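I've put the structures underneath this note.
There are two complexes below, and they share chain A, which is joined by chain B in the first and by chain C in the second.
On to the complex of A and B.
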């Protein structure tokens, strides 16, 4: 199939035009399509639907796993959650769309190449509220522009973050304050999102606003820890047999 | 149990209703839309009202008790009413037990709409959307 030789966005466009069903795997995420529409997206950079629902308290973890066990193979986990009364239909749609657009943003960042398309592959969640490919692509572009307008430093999105020394935060909105509380010089935006069970893009928005307010910056590079696992490249070079041999050779050449 | 579309259609049954949307106030994304959009473009409407809603949601001065909104009651503002020469815009925040940041936006004709009724009904619709 020609689609998988292109970038992720071009592949999605082609698959939408073919009304394809299956899973498109790219470098940064997986898009599940049904009849050319996006039914779900997963990315390692964003919390999944299960994390968002169970960690927020909308659903007990037992209930989530029971639904996955019983109906995962039949791709009906979403319907099972609603039919069993564990989650309201509207709540599930809202949470699902939140996770879908969040994962899509990261899966499409820098528009990496698509690796492969598995025709017919379906997601265990099932189709809850399919979204046109064009909407997903347009929204991801709009989200990128929105971040740029807030604070045009993309490093904030991927680097470990630190508080700006001496800067005092006053009267932050509750959500932004919770994000700031987790900024510790080590965690990245994705770590903070996972920790709070927040969508990662929405965490990026808060972090860029905090950066724009002069409260958060990218952490200084952490020096390599001393110890056997992280040898000092200069100090140990002279103890290396090859280096010692070269040194003797050099000394011999100079003596000539 | 109503999903997003059923909830929006329910809101559209109110007298004078012209359009209804479910919008994320941080990203500006419309998760659902029915009826007309002011200016004809639902996505632009959603992005602009999201910015208005965000300022209200993040306002420390408007929050009950002066700002430190307790976790779980986010956002501290329940609704917003914007009145123009010919319309009411009613924005109702939807509280969810997971990370969502959404509101319902109902556009009402000012001559036909009943603001007090719409405000009560939209609150009920917001609750049913999340609780079933």
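On to the complex of A and C.
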């Protein structure tokens, strides 16, 4: 059985070699594997698949929640959405892959040591289009390099962003202008992506270009940002689930 | 109602002369799905390279102030056609289908027509 290795990527490599099934939890994200392939990745820094599908207009919100309610426990939400004709299989796969690679980019950003591996754990979405671990690692590296070429400051990805005072934007492409409109000194790239229901990587590309053009910079630290951006209604928090449970338990006991 | 795999398969089986197909995200240059290709013709590399072609054209149109959208881009080599079709659908923003055709066997007008049909079936 694999112990957690020094880096997340090393842990993933080992799990792939073992054809392991389960969830690898790290500081910035959770990798779900089935038979050594990546079936889903979640990260606090990227909007989930539900946001991309419902806010992007591909799926009505009711339909999403109905599928989650009815088949979440059976890990078949994806299959349900397609079978019930709510969303085309191709659209779901494309959105899912977008969300998966976006989350993997963040989860592997500094390639920290993963916290733990839970054998057998499966994601409620179910397997849609498993991706080999090597592909996920290679793609994350490539994205990191691409972003680095545009503007070599990884803080833009995670810090609250502000407009550069006095800088005037002239004739930006529509998408970049919409991203710039939402830069307000408080929002992070993830907040902006969620707000626009854009995939995060696309938003990062636009933000780094805006940074390179001298229009956007990381905001000075604001004290105590209010909580996590959105509570995760599906209870699949990126936080180490057991630690979160223990904290809640302790709080409850103290409140007695 | 096709999924990625079947949409790409349909590209190769229903379009005369088609030898390789890929669905590519042109913001990241990543191929979301590929089919065909050989060890001499790496589709991942083609996807990343053709992303630059699409970006360059979009950028040129921006500079020219053209508000139109690209439907497709055709590149003719001596023995091959490369056809790039930008997807329009709601979620398709930022994706293109890339098709390699054998110039001696392909019918370009038919290929464009078929590709348009496959695109609507993919419903991205």
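Here is the rule we use: the second predicted complex is superposed on the first by the 215 of 256 C-alpha atoms of A that agree within 3 Å, B and C clash if a C-alpha of one lies under 4 Å from a C-alpha of the other, contacts with A are read in each partner's own complex, and residues count from 1 in each chain.
We adopt the following convention: a residue touches a chain if its C-beta (ideal position, glycine included) is under 8 Å from a C-beta of that chain, and two chains touch if they have at least 3 such contacts.
Quick caveat: nothing in here was measured; it's all calculated off a predicted structure.
Student: Are chain B and chain C a fit on chain A, or do they clash, once the structures share the same frame?
Tutor: By the criteria stated at the top, chain C and chain B clash after superposition.
Student: With both complexes overlaid on chain A, does A:202 touch chain B (first), chain C (second), both or neither?
Tutor: Once the two structures are laid over each other on A, A:202 reaches both partners.
Student: Looking only at contacts as defined up top, I'd like to know whether chain B or chain C touches more of chain A.
Tutor: Here the partner covering more residues of chain A is B.
Student: For A:57 in the superposed arrangement: first (chain B), second (chain C), both or neither?
Tutor: A:57 sits against chain B and chain C alike.
Student: Given the touch rule stated above, what does A:10 touch, chain B (first), chain C (second), both, or neither?
Tutor: The answer is neither, since A:10 touches no partner chain.
Student: Which partner does A:178 contact after superposing on A: first (chain B), second (chain C), both, neither?
Tutor: After superposition on chain A, A:178 lies in contact with chain B alone.
Student: With the two structures laid over each other on chain A, which partner does A:91 touch: chain B (first), chain C (second), both, or neither?
Tutor: both
Student: Who does A:162 touch here: chain B (first), chain C (second), both, or neither?
Tutor: Neither partner.
Student: Where on chain A do chain B and chain C both make contact?
Tutor: The overlap between the chain B and chain C interfaces on chain A comprises residues 52-53, 56-58, 82, 85, 88-91, 93-95, 97-98, 101, 129, 139, 142-143, 146, 173, 199, 201-202, 205.
Student: Which residues of chain A touch chain B in the complex?
Tutor: These residues of chain A touch chain B: 52-53, 55-58, 82, 85, 88-91, 93-95, 97-98, 101, 129, 139, 142-143, 146, 171, 173-176, 178, 196-199, 201-202, 205.
Student: Residue numbers of chain B touching chain A in their complex, please.
Tutor: Those in contact with chain A are residues 1-4, 6-7, 22, 24, 26-29, 31, 47, 57-58, 60, 67-71, 74, 76, 94, 96-102, 128-132.
Student: For a test of understanding, state which residues of chain A touch chain C in their complex under the given definition.
Tutor: Chain A residues touching chain C: 52-53, 56-58, 82, 85, 88-91, 93-95, 97-98, 101, 129, 139, 142-143, 146, 173, 199, 201-202, 205.
Student: Applying the document's contact rule, which stretches of chain C touch chain A when the two form their complex?
Tutor: Going through chain C, the ones touching chain A are 1-4, 7, 23, 25, 27-30, 32-33, 62, 89-92, 94-95, 121-124.
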